[in-house]
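Here's the structure, in structure tokens; my notes come after.
Just so it is clear, A, B, C and D label the chains in written order, and each chain counts residues from 1 on its own.
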Amino acid sequence: MGIIKKVPVFLDKVPGGGIITTSLDTIFNYSQASSLWYLLFGTACCAIELMATGASRYDFDRLGMIFRASPRQSDLIIAAGTITKKMGPRLRLLYDQMAEPRYVIAMGGCTCGGGPFYYDSYAVEKGIDHIVPVDVYIPGCPPRPESLLEGCLNLQKKVKTQKIKDWS
Amino acid sequence: MNREELAKYLLDKFPDTLELLETGKAEPFFLMKKPDEIVEFCRAIRDDVELRMDFLCQMCGVDTGENFEVVYSVASVKKRYRFDFKFPLPYEGAEIESVQTVWPGANWFERETWELYGINVKNHGNLTRFLLPDDWDQGFPMRKDWDAPDFKRMPEV
Amino acid sequence: MEITGIFEYLYELLIGTGLPQVWVDIIAYAFAAVVVFGFLCIVALFLVWLERKASAHFQQRLGPMRTGWHGWRQTVHDAIKLLRKEDITPYAVDRNVFYWAPIICFVAAFMAYLVIPFGDGLIVSDLNIGILFILGITTFTIISLLMAGWGSNNKYALLGGMRSAAQVVSYEVPMVVSILAVIVFVGSLSMVDIVQSQAKIYQWYVFRMPFGPIAFITYIIAATAETNRTPFDIPEAEQELVAGFNVEYSGMKFAMFFLAEFVNMFTVSAIGATLFLGGWQGPWLPSWMWFMGKTLFLVCILMWFRWTYPRLRVDHLMEFSWKFLIPVAFVNLILAGFMKYSGWFNW
Amino acid sequence: MAELKTEEFVVNMGPHHPSTHGVCRFVLTMDGEVIVKVEPVIGYLHRALEKICENRTYAQCIPVLDRFEYCTSMSCNQVFALATEKLAGIEVPERAEYIRVIMLELNRIASHLIWLGTTSLDLGALTPFLYAFREREDIMDLFEMTCGQRLTYNYIRVGGVAKDIPKEFIPKAKQFLSTFDSKVDDYEKVLTENPIFMTRNQNIGVMSPELAIAYGVSGPNLRASGVKFDLRRDDPYSIYDRFKFNIPTGQNGDCYDRYRVRMQEMRESAKIVRQAIEQLPEGEISAKFNPIVFKAPAGELYSRIENSRGEMGVYLQSRDKEKKPLRVKLRGSSYNHLQAMPHLLKGHKIADVVAVMASLDIIMPDVDR
């Protein structure tokens, strides 16, 4: 991605070049935000609510979100459900397999910080931010589909603030 | 047979092996006095024409703080009976015999007992980790005296 | 309005510039290729959107709603996103094979349109072996799927690639034989000749009793299998093989597979419309509209299949092809030959 | 020509796989597409619920146990409450028992609907999934108006239920039940007679009654093998002996029979709910029970109920004058079903792994706890 990194830097120096970069920013960000394909990654209770959100009443597809089974083709992990110490390395592996740009939503108390399994459990990872960087936290045990949708809208807001210059 | 009759039948049938514990509220609960003969006993209750205890509901280890206990809950699908029995084990060198030859479903229950309590199972055949991470090296977490650096107990309110 | 008129005018203009005839032809063909390519890209994007909306309404949902009127821009955004996405080449893949597989798939899917008549005279090249050319070209898709499966160095992808090879080899036979039944009647391999032989509605091959409907149904079933769609979508069975042959592909390479799948779907529908439903023939409306309408009708049938049926298992699929579909297709071919020879229904 | 050299290869299915219903992993040894050996690897969702329960009071255990078998949280609450009530000799008021039965059976329907959706999804039919979840949402509405949660209810407490059902509950439940049977007919129209669905399921994963009993398989899977055994009838708990319902059974014990049994069970559950609503008495909703000072007497017992997957049990051992149980052992039925699964798969194709797993209705929290 060598050239793409240099182009915006170059355009910034040209008078009026900023217009091009900002409009490219807008187009790319808008596209990325309205087509967040999520990885089917449900481990526990929240997975049922994730399924319910994909189903008729709440309908993820309205936001342009469809599930992909392969991490290579998805933009977003919705970590739905408890991540145990045995599962943690697998989550990291899946995250590493995803293509940039990639986002993580921590859904439910367990992924935010251990939740009901914080005390007295020898097997639960206390928050997935030890493992992968998290963009949006959604508390709840499990969160309602509405709060999951709210979380996705918040992620869209975050996506729309990206800059072409910051691409890696 | 109702519960009392079942308890009486079992005590008559295995007078040296079983001792009725006082629980009263639910199905009969026995103390088994000869842990070495567990396989023979299990086979006997499974093949007994009156009992037919062909269904192992569950089997688990218990850490009472003084010693281990191993509890078996058995049921009969054909005759609709159910009872439980248990026997104590010392902490040092705790070992039980596998009952897979009687109930094949005991396999994972025994594996779990070994993994979480450290109770060795003779003649098991596949005593490997399966609930804990493969690289687990912190001992047997279900024991009462178990502790680890990142293990937090819930504070008393 | 006649689209062909525009093309003829441009062609005249080109000749008027005084270029040598060879160059004029090259430029004309290149122009036609670009037009077809652009048209098909739009069609593929439209079909993806249509599929998502249709599936959503089958399932009592709404489907994409946030991007424009009923989300009509959705697939455009998907495409832009995939364009910008990181293109991962995993470490263990066979680089050349991995790289070329989506390109071959993409190109093969578009090549078929050289000989498909979009309307009266609206055809890039009226080859006299038209249908044979299409059948040959579309088989390239399978090579690309096999390459993708092998090159990815992933067991799921390999299983998916192998399955698709087996599947397409099995279903190519009933498809060709059912097409053959029509060709026997027409007596020509040219697509234009095939369309012209069905000028009246009762002459459409789907209405020629009794062999026509059988050939049509055989063709539709085989075509569904050719395009790897439910109930024959075992090469990319999501629930068994994760994503099948394209499991390791990301970004634009994946988009190529994705678009090629929908272009293929359009291709088989277009062939079906040409062979059985009278192609561009029809009253009142311009010919290209008839062609598009018939094709989209077949596309909708394929979508309807997809969102209704469960998936077959791989061995049942083979059994269905070899033990049922192929015998039926061959008997039908004999029937068609007999009818042609005896002169029944020979309108 | 020399003999073509072939070799078996190993496919790792999971722990992240779209159709392993959670995070189970199968190590499949394959000869082409044919399965030679299956080895389930579990533990990816082992959350140490038993250890947690040992450090909670009896009342605090119930919300924790919601997360054990979350598809039927009500029955998790019920089984623990039942064990504690037996241990301490608490009498549950009549009305509470009826409310419990209504909730348990509605939850069974909801759980079977999840099963129906995921099964059809696993077999490649995408639309029935959405239909099943549509009806499930109606049940979720009923639960939500009663206890304010959609999935983890914490509603059935020791001694009764948390609070009385609201006024709107009964009419809404009646409305749901009046249309539910025709909705089940709709699902059956899409799947039951579908030739593709039938060939995918018939004679796949055949489980003989002997194998089922030996491995401790219970619930609909056992009944599909032809064993008419239902704890609601054969070891009645709560007030199940007051209701009339059939126990559907199968003959062959294949995936198709398991499907048929579950579809029938949904109708039977609806029947029970109707009867319970008819007979619902007025009165108290909870026995006298103070969750803060409650201490169970010394004792131990194993109590079991029939939940949507099979026998769910809890073994409870308590010490005198202790607020917390000494040992809580949870018995999930999927634990045994998953054990028996490798025996059902020998010689089948890779596509049958998902079909068999779906038809056994295995979910991972039930296995890993």
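Simple rule for what comes next: contacts are C-beta pairs under 8 Å (C-beta built on N, C-alpha and C of every residue); 3 or more make two chains touch, one makes a residue touch a chain.
Treat the numbers as computed from the prediction; the structure is a model and nothing was measured.
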{"item": "Chain hops separating subunit D from subunit B, counting only touching neighbours", "value": "1"}
{"item": "Most remote chain, CA-based centroid, reference being subunit C", "value": "B"}
{"item": "Chain centre separation (subunit A, subunit B; CA means) in Å", "value": "45"}
{"item": "Inter-chain centre distance, subunit A versus subunit C - centres from mean C-alpha coordinates, in Å", "value": "35"}
{"item": "Interchain centroid distance [CA atoms averaged], subunit A/subunit D, Å", "value": "31"}
{"item": "Residues of subunit D whose C-beta touches two or more other chains", "value": "17-18, 43, 46, 48, 51, 55-56, 130, 134"}
{"item": "Two or more partner chains touched - positions in subunit C", "value": "59-61, 238, 242"}
{"item": "For subunit A, residues that touch 2 or more chains besides their own", "value": "55-56, 69, 86, 119-120, 122-123"}
{"item": "Interchain contacts (touch definition) - all pairs", "value": "A-B, A-C, A-D, B-D, C-D"}
{"item": "Parts of subunit C lying in touch with subunit D, wherever the complex brings them together", "value": "55, 58-61, 155-156, 159, 163, 230-231, 233-234, 237-242, 306-316"}
{"item": "In the complex, subunit A residues that touch subunit B", "value": "85-86, 118-120, 122-123, 126"}
{"item": "Interfacial residue positions of subunit D with respect to subunit C in the complex", "value": "9, 11-12, 17-19, 33, 120-127, 130-131, 134, 190-191, 194, 196-197, 199-200, 349-354"}
{"item": "List of subunit D residues in touch with subunit A within their complex", "value": "15-18, 22-23, 43-48, 51-52, 54-56, 63-64, 67, 70-71, 114, 117, 129-130, 133-134, 136-137, 140, 150-152, 364-365"}
{"item": "In the complex, subunit D residues that touch subunit B", "value": "41-43, 46, 48, 50-51, 55-56, 86-87, 89, 213-218, 222, 227, 229, 234-235, 299-304, 311, 313, 315, 317, 326-327, 329, 331, 335-336, 339-340, 368"}
